[in-house]
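What follows is a pair of complexes built around chain A, which joins chain B in one and chain C in the other.
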Partner chain A sequence: MNFWKKTLPLTIAFCSGWLGIMLDYIPHQASDATMNATTKGLTVVVAIVAFLGIYSLLQMHYVKIKRQNSSWGYSVMIWIGFLFMFIFGVYNSGQWFWNAQVEGATAIDWLYRFIFTPCQATMFSILAFFIASAAYRTFRAKSIEAGILLVCAVIVMFGMVPISGVVWEGFPDAAQWLLDYPNMAVKRAIYFGVALGGISTSLRIIFGIERSYMGGGE
Partner chain B sequence: MRKLTVVLFLAFWPFYLLGQEVSVPDGFQAIDKPNDNGQGVILIWKKMSFETDDVTYTPMVAESANGEFYRMDEVPAILNFKSDLPAVFGYDKENADWHAIEVQGFSKMVDGKNQNVFFEPNHTYFFKIAVRLGKNGGDIVSTGEVSTTPVGNLFARQKTNNFLIFIFLLITILTFIHIAKRNSNLFIRKIAGLDAIDDALGRATEMGRSVLFVHGLKSVYEVSTIAAINILGRIAKRVAEFDSQLKVANWDPVIQQVSQETVKESYIEAGRPDAYKEENVYFASSEQFSYAAAIEGLMMREKPAANFYFGYFYAESLLLSETGNAAGSIQIAGTDAFTQIPFFITTCDYTLIGEELYAASAYLSREPKLLGSLKGQDMGKLVLIIILILGTLFTTFGWQGLARMFTSL
Partner chain C sequence: MKSKLDIIFNIDRRIIFLFIFIAVLVPFLIDFNIPIVPSKNVKNIYNKIESIAANGGGTVLLSFDFDNASAAELDPMARSLLSHLFMRGIKVIGMGNWPNGVELTKEIFASMAKEYNKVNGIDYAYVGYKSGVQLLMINLSKDFQGAFPTDVRGEKTSEIPVTKNIRGIKDFDYVISLSAGSGGIEEWVIYAQSKYNFDFGGACTAVMAPDFFPFLNAGQLNGLIGGLAGAAQYEALINKPGEAIKGMKPQSVAHIILILFIIFGNFCYFYGLYSNKERRES
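Let's look at the complex of A and B:
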């Protein structure tokens, strides 16, 4: 049991980790072929696991409807949405699912363009209001740091609109300077840290030191 | 006599120019591209005095010595120099006087259809070059042909500096892990956001509300997602010990399966396998804003006591965290997405910035070996700071050769 739950996963992590590192430094065609084969294998796994994901989603909402949990009406909408897309996807404008998807003004295309896409756009547009409320909280200058942040933010935001150059021609340059120097320095410092953290995490997993993805134990 | 010379010069000057325009470039060569998979060939030729915006070069390739030559993409004469390929030609000043282009294949008509053909390793190809002035000008094609045989290489030499830094970091991190086994009292600076996790989980237990965990929107093979899953394992164990309820909303079915196993194992590890509910680690949606809508709905309906956002986020970060804030949840975020850090700082109680996301699992476990790796990471950071200072000094004083030791090619 210990072999299947600990030794085998750790061995796979060790071998595939080192393989990934070596492939990055070996430009040979055999290296490319190995990478392509691995990527194809991953695609197959994703395709299989997609069914499990859909099952999980529908099962969870089926249980909510069955138990009539609070807000179970949303679960009904999930099922209706899924069934509509599934039925029209399988029907494929009379060509059925074993043929290539029919392009043009099909039912599934209509559902996607006129129901799904506007819903997505609505969610995205909410972001504008959230940014406004979040900015209001952030820009209350309670401390020196918050004050500096407020001044910088005002310069950058105002410097990005054309009218700033009319008010004072130095605004666009000041905004660009803030982005190119102080902002870039911080950005690169974060990138360095992220790169080192990524290497460190990878090594911990490759050498089997980090095992929390297997349940945390020693 | 002098007048005659002047008249003749003025009369024939345009023909002299024309004669320059129609010449084939000097020094045309084909070489195997070094450090590649055996499909790259580099064509080089000398920059000519007649080159203007209107002049173009067209390389031609044949698959055998007496085979048909196929035209490749036309390249403008004012672009494509050896100096554009420092990984192959280095930084010599003369590189600006030579053209160089990398080619990996060509197109040819097969059964009336245009087909792309990629160079095969260990096969000899033959090249010519044509020069043309203006769109309507005629081609002047080189008479002699040159050949080369591309071969695959076993080591990408242009990554030598990268490889050496990797080996250094590998040795450093492993050394500190070894040191940590003997001396478990390594000092690691406090990370307030991680110290607050227990408080957040305690609050959830007291209030009898759930805890929500979100992974971000990267695939399972991205390091940030793996780091998030590691943290999920730690948090799930604490949740099981506190006898609270953990909900994990996933955007990717693969991550969902991994998360289910991780949470299940953590509950078993905590001695509470009975408390694990598979339906609490569920697939929400693989579309960004549908996923955000699903989680926002959960937040507003169930009002979780604590929300954890760990991983790589895009525009959904503010949608999630602002809704969580409105729902009155304690929020702890950790991301290496530079553009989303300000949004999390604004809306969350604690935010782990960049590398802290990767350090979180080790920090939470307090295991000496994991903390040792953090020390090794810090040592790597110290070396990078020294390299940055040296690189700045070298560049400031014009010692480009030394500065280029640290350049990625």
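Let's look at the complex of A and C:
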């Protein structure tokens, strides 16, 4: 039992990790061919995993509907939305899903254009209103650091729209300078930190120190 | 009891919403022009495409890594990039890492191809979405036709005139990712550009643009079109005003309103501090 639950997953992680590193750093035909085959196979695995995601999502919302949890009506909408898109996607205007998607005014095209698109656009556009309200309430110069951040934010916010050049031609340049130097330096430091963290976590997984991906209480 | 100043300072958020709504609406109704000055990052992409055209044309890969939520910013970019490429007779291959963007991209290709009399399969091809993002990028960099055996119509990429000579990422003269989040520019740089060292440009939402300056500085990105403002700059460069230039008026006014609110909020904050101090001293 210990072999299936512990030894085998750790061995697979160890071998896969080293295989990935070696394939990336060994410039050889055999290495290239293996890399190609591996990535192609894993792409298929990722597609299969989507089914697991769909099952998990629908199961979770089914339980919510069954128990009539708070806001279970949204769960009903998720089921309806999924079923509509799924049925018309699979039906594919009579050509079924194993053929290329039918072009033109199909049912799935209609659902996409007139339901999905407006919903997504609405969700995204109302952000502007919330950002304005949040900026008014929270963007305060409560300390020197917050004051510097505030001034920089205002310069970048204003410098990025063309009207700033009409007010003073130095605004766009000032905004660009802030993005090119202070912003870039900070972003680079963050990327370095993330990369080092990624490397150390990967090594911990490869050597079996980090085992949380296997589940359980350890 | 609240003083009049307190009421003004704790302004109801619906009033702020109303101001933003008016700031967005009114500029559409009033006719005024704002001069658009292209930035160096936007010009770099334009110049790269011009240089491909000057060298007798070539093939460019456009990766549509966005969906409808960010179409307000990225749709005008996609259209102006395609306009420029089609105007200069450059062949285009489209793909995407975002499944929800497929229908949108198909519509963009269809309308732009119609405008410039371009033929699917000869002047351009759209191979659609495939799962895997990072794995797909590694895979298509070495074996494009293996990664995308068919286009969205089901035609074999090994037989389509525009794709049949494409073996890997190095066969493209330029790659541009139109990105709205994960599975876009950053992944392209990490998993493909840094390994195969091809010319790579980016187009992204305004909120993401600051993330990519380290890549620009390192030369991993040769140019960047950031947000609707970037799209407007590109439209100005190709001299084809579209939705982005139209959108600059409301965006400019909304930014000004937002800045005024921030200034007013800070005035309220400092006035509050000052009056509290006065009260304590008295």
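We adopt the following convention: the second predicted complex is superposed on the first by the 207 of 218 C-alpha atoms of A that agree within 3 Å, B and C clash if a C-alpha of one lies under 4 Å from a C-alpha of the other, contacts with A are read in each partner's own complex, and residues count from 1 in each chain.
FYI, a residue touches a chain if its C-beta (ideal position, glycine included) is under 8 Å from a C-beta of that chain, and two chains touch if they have at least 3 such contacts.
From a predicted model like this one, the values you see are computed outputs, not experimental measurements.
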Contacts of A:Ile12 with chain B and chain C, given as first, second, both or neither: neither
Contacts of A:Gln101 with chain B and chain C, given as first, second, both or neither: second
Chain B versus chain C as contact partner of A:Met157, first or second or both or neither: second
Which of chain B and chain C A:Asn36 touches, first, second, both or neither: second
First, second, both or neither for A:Lys187, with chain B first and chain C second: both
Touching partner for A:Ala132 - first (chain B), second (chain C), both, neither: second
Chain B versus chain C as contact partner of A:Val76, first or second or both or neither: neither
Partner chain in contact with A:Val90 - chain B first, chain C second, else both or neither: neither
First (chain B), second (chain C), both or neither touched by A:Ala141: second
Contact residues common to both interfaces of chain A (with chain B and with chain C): 24, 32, 42, 46, 50, 120, 123-124, 131, 133, 135, 137, 187, 191
Contact footprint of chain C on chain A as seen in their complex: 24, 32, 35-36, 39-40, 42-43, 46-47, 50, 99-101, 103, 109, 112-113, 116-117, 120-121, 123-125, 128-129, 131-133, 135-137, 139-142, 150, 153-154, 157-158, 160-166, 172, 176, 179-180, 183-184, 187-188, 191
Complex contact set, residues of chain A against chain B: 21, 24-32, 42, 45-46, 49-54, 56-57, 59-60, 63, 70-71, 74, 119-120, 123-124, 126-127, 130-131, 133-135, 137-138, 187, 190-194, 196-205, 207, 209-210, 212-218
Complex interface listing, chain B residues touching chain A: 35-39, 121, 152-156, 159, 163, 166, 169-170, 173-174, 177, 221, 223-224, 226-227, 229-231, 233-234, 237, 250, 252-254, 256-258, 261-262, 264-266, 268-269, 279, 282-290, 292-293, 297, 301, 315, 318-319, 322, 336, 338, 341-343, 345-347, 353-359, 361-362, 365, 367, 369-370, 373-374, 376-377, 380-381, 384
Touching residues on chain C, where the partner in the complex is chain A: 11, 13, 16-17, 19-21, 24, 34-37, 39, 67-72, 100, 103-104, 106, 130-132, 135-136, 138-139, 142-143, 146-147, 150, 152-154, 195, 206, 209-211, 213-214, 216-217, 226-227, 229, 232, 248, 251-259, 261-266, 269-270
